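To keep things simple, chains are lettered A, B and C as they appear, and every chain counts its residues starting from 1.
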């Protein structure tokens, strides 16, 4: 088991290296010079060169790359933001919490909603209830997060004024007691989590519904039923377990999707997370921040894949000793 | 049986054939090696029927696949009309191939599900220079394997198992082959259908001047078709010789077991046919 | 034509999806000829009108007719998604076929590449690339394709590997057919179904990604506008200018639903267990 984990971890090294190198190239070869942004055009090229030198942009690309790698590996130093001069790692650390909160809550919400509705629809398959839920879920499945977010924002925050429209906390957050802070978080996260979670819930719903329906029809469940095992036990013990498997294998795809979705949601709801940091860094050509955020994102994705693989091989012993090729 | 005539040319010659399957698993590193065929030699002369009989998994199909150029032998030589087929190179092998035609064990899967019977056979006809118009040739081929020509426009899934098998035979005949390799021609069919098929194969052999490499697990079927028989076990031939001699004076225990087993299936009476 | 219609009627989803997409395509292609307004002509005296008879979907900040902009946006959005899908399918098909037929180390390298590229957080990376200044429509199409061929390559490779071992392929080889003929006549038609289903589903994914990027202001740049670009224009006042964000959103959703329905329908029909309408 441990050797499997190690092997898979080693497998993901090239993904990370290639991903980061590619990001580095994209960023540094892109048209536009971050040095120029701080200058007015009348100033001499000398000053421009000074700024380039300060950012380390005057050296050949491979040397810049090598310096960057060295600093990251040996000092865990991603360089300082071009904007405020603070270390990128610090900027990211503070951006991590909102994103993790958002993505985690959305995942949990999506799992619960998807599973419950999936089972409900499957047990009533082809009835009015099933059709209604399925159609609604199809709608959410096809709705872009940004549109959902804007609609929620418009209706619940702006029109009705029920929920805050931006940021993770209120201005007076620090003055609240524990319960107050908790509700403050919930109020701020409610719409973003819904926005990110609903389309995901719809994805889960599709898998669970068809999985449970198929399982309910299988000979093996019919046999269990014939032996007089209770309905609920059949549903949760047998059917659900079988239909959860594809979802776990999906985890590897879900984590990149969550990260991508978080970018949109954070921008809409002005949450100070990774995605928003990334977008403003792209707009502002803040190379160190872009690189640090991408590195982190690649690690998150790779870690997610690893966790998915491991969970899967624990739950389904059939694939434990097989290669991925055969499965 | 006239197969003993020494004048006939050798068609297929197999020498010390060995086939090893390696299944690579990168992780966990547990490469599996299956020794399917462990040194088998035989030859088939023009106009002769040679049968390989053995229990399931003894390596019969592997020999056939190797003779067809699909499974590379790990050692040994296979020559067809004097040419070692595994040293021919891709182009020459392709030219040679029409002469050795297979009717696979799983004949149901040997027809492209997206093609009609007509297309399947015409494709084979096109591979050979042919003076007849295609439709006539197709009708004639279907007729010679005992099928109604109305079947031409159907897709494989609209055919019965036996019909699919006969289409396979018809397609093979379209190429004017010298050697037909029949892998378990009579395995799943009922007795009378089996006897009919054997009669058909005997007739085709005469009209098209074919040689057969027959593969079966059932001696009593094979004896009706073959001049010489080899008994196979665990990748080697335990015994080979003229059909009647081998059946009447088996020298090996395994052969006796196989004879008993085929008597048990109560096919012995078909021997009167 | 009649055969196409009969085929579409085989499955409810396919039927609904085809109609939806048909309408959207007609709207985007023929609409501009029927509309009295141009998507770029500004008329500041008519700025920010809510929907009315003369402007059924209202006007934007510059007094441009939103309906006319939606037609233009449809051309851009669908055009980008369709072209990018075509390129992605071509890349994916080539790589999948090479991988399956050549095998060996080349197969291992290519599949490794697929693994690596699948591990990229797609939107994140595309956002980065396009955001770093490569935002002309041609480059958007190219980058969308570069980051979405992998699933198709993988599907084709695994299907071809399965089909390659089928006995009807062996039979075709035994006949002495050329390899090229075997690939194009016997193998490809049998994977075509899967390719079509995944390409149709890819179209809707790409519509989603393109409009997300344009929404963030990094994608299609003015004066051109995709539905995502248009949506951004109404984003900061979702109540006061509701018609801009609501209608552009509806178009995006309708297109995505349409392609998803077509994909699902085709999958149902191509499923060997298919038995008429479910």
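Just so it is clear, a residue touches a chain if its C-beta (ideal position, glycine included) is under 8 Å from a C-beta of that chain, and two chains touch if they have at least 3 such contacts.
If you're wondering where the values come from, they're calculated on a predicted model, not measured in any experiment.
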Argmin over chains of |mean CA - global mean CA| returns C
Among the chains here, which has the CA centroid at the largest distance from chain A's centroid? B
Could you state the distance in Å from the CA-based centre of chain A to that of chain B? 58
Rounded to a whole Å, what is the gap between the Cα centroids of chain A and chain C? 23
Report the inter-centroid distance (CA atoms only) between chain B and chain C in whole Å. 49
Under the touch definition given earlier, write down the residues of chain B that touch chain C in their complex. 68-70, 94-98, 100-102, 104, 106-107, 109-114, 123-124, 127, 168, 171, 175
Residues of chain A touching chain C in their complex? 12, 14-15, 18-19, 23, 26-27, 30-32, 138-139, 141-147, 150-151, 153-154, 158-159, 253, 255-257, 259-261, 263-264, 267-268, 278-279, 282-283, 285, 290, 294, 297-298, 301-302, 305
Which residues, counting only chain C, touch chain A once they are in their complex? 112, 115-116, 118-125, 127-129, 131-134, 204, 208, 211-212, 215-218, 228, 231, 235, 238-239, 242, 245-246, 249, 252-253, 256-257, 260
Complex contact set, residues of chain C against chain B: 166-168, 170-178, 186, 189-190
